[in-house]
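Look at the two complexes coming up: chain A is in both, with chain B in one and chain C in the other.
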Partner chain A sequence: MNASNPLPLAATQRPAPRERARLLRSALPGVSLAVLLVAIFIMQPRAMSYLGLNLMLNLAVPIALATMAQMLIITVNDLDLSLGSFISFVACVAATVLGPHPWLGSLALLGCIAVYAALGALVHGRNLPAIVVTLGMSFIWMGAAILLLPSPGGAAPAWLQGLVRIKTPLLPLAIFVCMGIALLMHAFLARSTLGVILRGAGGNPQAIGRRGWSLLRIKAGLYGLAGTFGVLSGLFLVGLTTSADANIALRYTLLSIAGVILGGGEFVGGRVSAVGAVLGALTLVLAGSLLSFLHISPDWQIGAQGAILILVLALRAGVNRLEARP
Partner chain B sequence: MKAHSFRRVLLCTALSLAPWLAQAATADKTIALSNNYAGNAWRQNMLASWDATGKQAVKDGVVAQVDAFTTAENQATEQAAQIQNLILQGYNAIVVDAASPTALNGAIKQACDAGIVVVSFDGTVSEPCAYRISMNFKQSGVAQMDYLAQRFPQGANVLEVRGLAGVSVDELIHSGIVAGAQKYPQLKIVGTVNGNWSQTAAQKAVAGVLPSLPKVDAVVTQGDDGYGTAQAFSAAGRPTPVVIFGNREEELSWWKQQRDAHGYQSFSISSAPSISSLAFWVAQQVLDGKQFPHDLESPAATVTQETLDASLQGLPKGGIVSQPVSVDDLARLKPAATAAN
Partner chain C sequence: MSTLRVSFSAKPWLWSFIAAVLIWLATIAFTGGQGAGGLLSSALGFSAFFVIVGLGQLFVITTGPGNIDLSIPANIALCGALGMKLMAGDAGLIAPALLAVLVAGVAIGCFNYGLIRLLRIPPIIATLSASFILQSLAIAYGRSVRIQPPPLFYEFCTGRLLGVPYLALAVSLLTAAMAVVLARTRYGRWVLAIGQNARAAELAGGRVGRIRFATYVLSAVFAALCGVLLAGFSGGASLAMGEEYLLASIAVVVIGGTSVAGGFSNVPGLWGAALFLYLLVSMLNTFGASAGIRLICTGVIIIAVIIAVSARQQGGRR
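Then we have the complex of A and B:
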């Protein structure tokens, strides 16, 4: 660079490549999703239709909702290992109680959210590791689900089944729902004052605490919101499958974590992106479809799915280095 | 005229091919298997049977393409997504070994609505538009207790090894065991563990519960758990009870060895893994326009003291007693008593 007159130049020129890297970084989830979609459309032109998109994406909505729940927990530096069994439990409640006794069912679901908020308070108040608390809770949710529905069955209320099957114009419901969640949560977390404080509670809790905000209430609130998204995920899922099973969503625990990370979130508190998380969830779902269309032998599919994950993360690590370069 | 003779040649060819064509009306059809789990001997044998039948059928020109897809994590949501992908790929029939009898119903209905023939087997689905082929699991539980009642007319302490909690097959076999215990009050269930249909898991679970149990005379099982159970007893230094087996090669070999050493007697019952081939032929025949009841019962395969040697003959290592299935075997299928049992 210009050694004779470094100061003004540094001020005007240096931010440019860093800005570009940051832009690249936030575009990465979208770009990887677009690449996947194009690959799928080339492999299977039939997928490029209303029916095709609907078939590929409708099961992505509960995963996107679960990813959103996980993202809220990751915002405050915690990890929720009970999310999958929680969603299974919600699905079991919806398939058994909600139909015949709507009030009791709704009350139970509200109770679930309250339990989540209480968990947040417990984790903060007693200074417990969230991983251990939620791991314990995962067995409790799972046991409760088996007690409620010892063998698979039940039926989702008809209104719920109808709701998730609405045929929206132009694009399938799944796409509108995903866009809605992503934009709403982005507006809340990245644009509102409260959102900034919530993220700050993950990034620098001391600072937020010193400013007079109650960290207990922040954590309880975030956990409660995560519980709400968990409930929505379970309801949407059971609407699609029409009946439940105590093991129905166990996979969502790890999928949701992978979705958040794929979407640009980090285990360092406060660094999360709502739009990225939804895109990450969609990427995971579509990666499965692509592998299936490629006729990859089942023995290799798990590995191939992992390889896609590592590839995207490696790309991000590259972008991060670009960003860190002075 | 040239065109005329050409037409005649065509006609002759068509006539000579007529008997062939009658069988190969499904020659342009494609069939896919959606399988939820491949992690034990039964599933491996089931997949091998599907593969063999499918390859032969393609070679004979009965169908155009036969594929198998297994989900990575044995999860209903994953399998539902897989079935939706299969619909997109335009298969004419989808054969399903389901992770859950109910959680796939949404996807199964979508397949039916798209005009796809859906045949479920082993792990069946409750969606009415699909076909179900299954062994009578409850009856297999009762059969185990029948055998024990005849072996122990004076009564016996029985340990029950169950499968995966929350899975319908486990619940069905268990209900058969319970019904048997009511039928023969002298057979007392003294303990229950979950062996998760895996020899190692069963061995661990039984070893864990053994110290708390009185003398155990017999063990009822669900398959892929008898050998591990027997190992747990011998490791604990307890007398080997009568373990009911599930037709696995290692179990039968162990049984034969014990029989030769000190006259050990037992009984073995399980679903034959060739049920996947049966499901293939049902799908092919339905595509061909044949009518079937939607609930079909496949026969259980049993091994007794008398048939032990014959059953072990030619059974490969890691194999399961099975019989090859051809399209003619469909005639032997009985309609099941109740829908989805």
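Then we have the complex of A and C:
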């Protein structure tokens, strides 16, 4: 899988080894997803159809949105351990309140986003470890979800169900939405002034602060944006599953962290990649499909996700070592 | 009064015990003194499990920011299943099975640290990847019918001496031993030194790699031990058995007064925090609160504690 890359590079002007390593590293998420897709298509050619892709990527959008939320938190070197229970709570709100009382439901969801922004301000203002604060929040979201929906049930509003099931031409909706999120967030984080400042707040907060930007507002804004993506993820999820329960998205916490890391994100220095994170999320989703085509029992699905994570990280460690060599 | 204040600031872990006692008093005041002893006894029993995993997590967290063991729940599920399967309900196999579980714990710790070291990735990601694999192993391995623990093992895990569970006694001894290890041995002091400043510790001649290696193995061994004991306590292993221990293991460490930034630990505080959390839930239970309210209260308290702790630290620095 590495052979495909150096070839066109060598044909041009032989970039310096460091630059080549950087290119390799940023290509890694895309290459690993491509390898996975090719393996699936070879194993099961029928998967290469509208219906096949739709089936495989059915639940990709909520996971991609959750990964995007986690990525925004990781941008400022924090970690959100409450994301899964937050998304579950949003799903419960959507399945109970949003249908009969649209205004109340929307207000509750906006309130959730405000809570996230307030958390960002709290974490920054009092210099608290985000891991512990979000750990506490995960209990609170979970408790609120159970209060709202003590047993699995509820129904997503019909318009929401219709919205997530739109049949788009050529490719399934999931692919368009994922591409849209990736490109939009890439344009925002990598190309806009505000995006550079947000990433700078993770890389060198002092420099950003000295330049006159309010770090408090930056953090509150990033957390609020993460909350927005969490809300979108919950809405999309409940639209697909039509009913909710309080544990519906608990595994998203760890999956979203894994997706960000697979996509080339790092815990320090505001190094994140929106395109990479979406690709990472898709890789994790497709890993399950590959296993079922290989006739391996679903018992190993989580394990395969772990193995892919380790494999990609090992490759990246190799690339980094390449870079370190003079 | 001032001497009282001095002794409090020297022993920050007292707070969690005081809170636990207050909650216990509130509960028995509500029930009119009924079941006070029974409540305390079961609190000690359940807290023992939190404390075992908390001990490992405490050592890991002490080695500095970013160090956290996320593989604990999967480890508990796997080692619980492993222990029950190897014992196969036969009292004669208890010792070999326990030994095998401990070996599995060491292996898991080595795997965790191997990932951290070889891939040079943050411990959170390393233990997360490892936990995915362990979880799959636990699902595949523990699929068979629920195997009951041998009666002798079950009796040890659930038995009591004058109302105090054997396990609570054993874990108290373990806690005391680990407190000595942290404060008095060379290994423990290096753990603290690395947590305060890894670079300085390295320059002072500390073998940072080896110390962290030992710490991750320690955490994995304690989680494995917790797994097999928990399986014995609940009459068999189950896959979801370890789930609550991820958040709980971090919560007891933080509420117990250990600094999340590393370098400053509070071993006795683990007991106070574990008792506090258990008694809080049972108090809300007695008051007739629903599961949702109980979870929300737990969350609010974790956040309140971390805010209070940070306020105190910042106040002390000024």
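Keep this in mind: the second predicted complex is superposed on the first by the 304 of 326 C-alpha atoms of A that agree within 3 Å, B and C clash if a C-alpha of one lies under 4 Å from a C-alpha of the other, contacts with A are read in each partner's own complex, and residues count from 1 in each chain.
One rule holds in what follows: a residue touches a chain if its C-beta (ideal position, glycine included) is under 8 Å from a C-beta of that chain, and two chains touch if they have at least 3 such contacts.
Quick caveat, the model's predicted, so the values are computed rather than measured.
Peer 1: So, does A:152 touch the first partner chain B, the second partner chain C, both, or neither?
Peer 2: First partner only.
Peer 1: When the two structures are overlaid on chain A, which partner does A:127 contact: first (chain B), second (chain C), both, or neither?
Peer 2: second
Peer 1: Which partner does A:79 reach: the first (chain B), the second (chain C), both, or neither?
Peer 2: second
Peer 1: Could you look at A:46 and tell me whether it touches chain B, chain C, both or neither (first, second, both, neither)?
Peer 2: first
Peer 1: Per the contact definition in the header, classify A:305: touching chain B only (first), chain C only (second), both, or neither.
Peer 2: A:305 contacts both chain B and chain C.
Peer 1: Thinking of the overlay built on chain A, is A:196 touched by chain B (first), by chain C (second), by both, or by neither?
Peer 2: A:196 contacts neither chain B nor chain C.
Peer 1: For A:137, select first, second, both or neither according to whether it touches chain B, chain C, the two together, or no partner.
Peer 2: second
Peer 1: Figure out whether A:314 sits in contact with chain B (first) or chain C (second), or with both, or with neither.
Peer 2: second
Peer 1: Can you list the residues of chain A that meet both chain B and chain C?
Peer 2: On chain A, the overlap between the chain B and chain C contacts is residues 146, 150, 301-302, 305.
Peer 1: So in the complex, the part of chain C that touches chain A is made up of which residues?
Peer 2: Answer in residue numbers: 66, 68, 70, 115, 118-122, 124-125, 128-133, 135-137, 139-140, 143, 247, 250-251, 254, 260-261, 290-303, 306-307, 310-311, 314.
Peer 1: Which residues of chain B touch chain A in their complex?
Peer 2: Those residues of chain B that touch chain A are 35, 38, 67-73, 75-78, 80-82, 84-90, 99-107, 109-110, 126, 165-168, 171.
Peer 1: Using the touch rule from the top, collect the residues of chain A that touch chain B in their complex.
Peer 2: The touching residues are 44, 46-47, 52, 55-56, 58-59, 62, 146, 150-154, 237, 240-252, 285, 288-289, 292-293, 295, 298, 301-302, 305.
Peer 1: Which residues of chain A touch chain C once you look at their complex with the stated criterion?
Peer 2: My answer: residues 79, 81, 122, 126-129, 131-133, 135-148, 150, 254, 257-258, 261, 267, 297, 299-307, 309-310, 313-314, 316-317, 320.
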